[in-house]
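First chain written, first letter: the chains are A, B, C, D, E and F, and each begins at residue 1.
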Amino acid sequence: MPTERFRRGAARLAEMGGDIDNIVAPLADVAPDLARLVGEFAFGDLYTRPGLDLPHRQLVTIAALVTLGDTERQLRFHIAAALEVGVTPRQVVETIIHLLAFAGNPRVFNAMLVARAVFAERDLLPLTDQPPVDPAG
Amino acid sequence: MPTERFRRGAARLAEMGGDIDNIVAPLADVAPDLARLVGEFAFGDLYTRPGLDLPHRQLVTIAALVTLGDTERQLRFHIAAALEVGVTPRQVVETIIHLLAFAGNPRVFNAMLVARAVFAERDLLPLTDQPPVDPAG
Amino acid sequence: MPTERFRRGAARLAEMGGDIDNIVAPLADVAPDLARLVGEFAFGDLYTRPGLDLPHRQLVTIAALVTLGDTERQLRFHIAAALEVGVTPRQVVETIIHLLAFAGNPRVFNAMLVARAVFAERDLLPLTDQPPVDPAG
Amino acid sequence: MPTERFRRGAARLAEMGGDIDNIVAPLADVAPDLARLVGEFAFGDLYTRPGLDLPHRQLVTIAALVTLGDTERQLRFHIAAALEVGVTPRQVVETIIHLLAFAGNPRVFNAMLVARAVFAERDLLPLTDQPPVDPAG
Amino acid sequence: MPTERFRRGAARLAEMGGDIDNIVAPLADVAPDLARLVGEFAFGDLYTRPGLDLPHRQLVTIAALVTLGDTERQLRFHIAAALEVGVTPRQVVETIIHLLAFAGNPRVFNAMLVARAVFAERDLLPLTDQPPVDPAG
Amino acid sequence: MPTERFRRGAARLAEMGGDIDNIVAPLADVAPDLARLVGEFAFGDLYTRPGLDLPHRQLVTIAALVTLGDTERQLRFHIAAALEVGVTPRQVVETIIHLLAFAGNPRVFNAMLVARAVFAERDLLPLTDQPPVDPAG
């Protein structure tokens, strides 16, 4: 029986456009407990806390993933989730650009290409809410 | 003569409760250009971009600094700046707690102790906007 | 009321020579929930899992902290905890030396000086279970 | 002529299920010295030290690689080597899960998928020494 | 209209064997400003500074990328750029090997395989300026 | 008896203005082998390799330490060593500034303050080989 915390986490993940089965299934034959622990703790305990709404949590999550590096898979999910909970593509783009100052160019470029792929899958390109800047003149 | 970008950055920094002289002075005899470059680029170019307001930028910055590690000096400034631009202590606390899932406990504990020090200097403790939870029962 | 998970975590921490109050107290006026979450999850859920005994968990923890960097406070606790649960000073030393291959010299040196401080506080120096090697000949 | 240290390292690597030629060959036309230095130092000097047995060294190595990130190739080898020297799949899984507290979820998930791939190649799935937990209830 | 700083950056990048359009084009529909900011700041401001010549800058850049990790794409470009501005393959190889002491084996191995791929594309293998060492004896 | 590799490393370290006893002494009662291994490998094997001269090695080392973070102790030594082997203060400063593009502002600021402290101890401030830029106009 899933715990109440796990059910709450699965529901939260669903609000973010995710599906707990996508975490449970690939771990089922190797580490089902990992799926349970993450469902309960990350999504059930942390993501359901009051005091910071989902759009803020997603910008914070994206900033952490960009900075950490080697997180392409996670960025892909959390950028999509950000859009799902009302973050605009522009806010995602601005968050990543902002990190030029803190995480360095390589992390920012890698992340922006992931963002681009997520936007492309959702037919959001070209982003129309970007400022009309043409660096190539 | 400071560039227009540098002046814009100094003004932005002032809105965040900072003082560009605190960057310029300690670098004056060793690397004045570093102060200029950061004033121009980080504060003049990035921090003044539209598309993400200052409170969002500060949460994103805090998330990056927590994740990066070895950033006590920067966290101290940027948590204070967050408060200055309207982020609540609760949002700072929630941002740091949220990172348990992405950056691990050591980064989160180190950051929370910095946040506590910033709040203490401003007589904000105990935080009264926290949920009434007593883990020690 | 503390949860059952929190009580289990506090008990586990006590076996490791720690005191949950040392986590709870400094966070009481800023983020009591952080103490609760870490007590429940890290110590109550993870540290009490079967399948890996405490001495193994401490070597794994030390390896992670050395590699992560900016973890002096945590290394200090977890090296002491390792000794408490039966890890020998020699195993701690060997674990840190081993990481020359994976984390680089700076992380290893910083960690060894922390280990030395922990051993000194416990009157364990000079380590008598080290091989009799004198590099200065 | 290979040095005695290199021969000792190659022998140690063989005990771990590795083949020094897999290090030597891809570097032969670009940096043969790198193969020699790693064979001598990492495998000849460090991995043959007394004071920490091979199973412990592999858990420590896995913890470092998970925490470091961008180490898929190395994790793949060292998880296989861990099994070779007597570490159980369960201990590998528990080591990775344990790191939820120290390295964050993304590192842990990436590593568990590598572990799963290593176990699959060896027909070890489903792991039968896991606790019978079904998070989806 | 591109700024003077951007034009200067594009020219610098061209000296390094790069093409600013390879930065501009993939970002055109998602974040044209990122291309502009990096062209202006990284290549226009930083890379054109006096006081450190281009070969030195490329060795420094390679060292940073190796240490940072998750930078395969950037290493590929900057190793090629290093060759373009007069760094020898041997200096690239020695720089990477040197980092065994500071960044650990996994970062060094991953980077050396990227270097090998860059050299192979340019028909530089086997490197003839390497010392005649045969670790396999 | 120290090995030939250790003696060679101690000699190399002396050329860099260091003293092997400063590595040996603090580790004597806890991990003498660590001093031996680092003296032999880092200084005896790596630092004595042909193909990259000492000034280049020090710029590469500084770049790695800045990027890695939590390396204040090591930066202090290696910046001083850089000066000892003929690197100019300006090259040190430029190397650190260059890393704004790759490692982010916090790493660069922390490192520059260490550089400043090293220069101050040697009465090198104000640096007179800096370009005459006054960001405060």
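Just so we're on the same page, a contact is a pair of C-beta atoms (placed from the backbone, for glycine too) under 8 Å apart; a residue touches a chain by one contact, two chains touch by 3 or more.
All of these numbers come straight from a predicted model, not from anything done at the bench.
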item	value
Chains contacting each of chain D and chain E, listed by label	A, B, C, F
Mutual neighbours - chains that touch chain B and chain E alike	A, C, D, F
Contact-pair overlap exceeding half with D-E, pair selected from B-F, D-F or B-E	B-F
Distance-maximising chain from chain D - centres being C-alpha averages	B
Farthest-lying chain, centroid of Cα atoms versus that of chain F	A
Residue-number overlap at the chain E/chain F interface, same or different (half cut)	same
Gap in Å, rounded to a whole number, between the CA centres of chain C and chain A	31
Chain centre separation (chain C, chain E; CA means) in Å	39
Whole-Å gap separating chain A and chain E, where each centre is the average of the chain's CA atoms	30
Where chain B touches two or more other chains, by residue	33, 37-38, 41-42, 46, 49, 64-65, 68-70, 93, 97, 99-106, 131
Topology of the chain contact graph, where touching chains are joined (line, ring, star, complete, other)	complete
Touch list for chain C against partner chain A, complex	33, 37, 41, 45-46, 49
Residues of chain F touching chain C in the complex	1-2, 6, 20-21, 24, 26-39, 41-42, 64-65, 68-71, 73-74
Contacting residues of chain A [partner chain B, same complex]	38, 41-42, 46-47, 49-52, 56-57, 59-68, 90-91, 93-95, 97-103, 129, 131
In the complex, chain A residues that touch chain E	69-70, 93, 96-97, 100, 104-110, 112-113, 115-116, 119, 125-127, 130-131, 133-137
Contacting residues of chain C [partner chain E, same complex]	99, 101-106
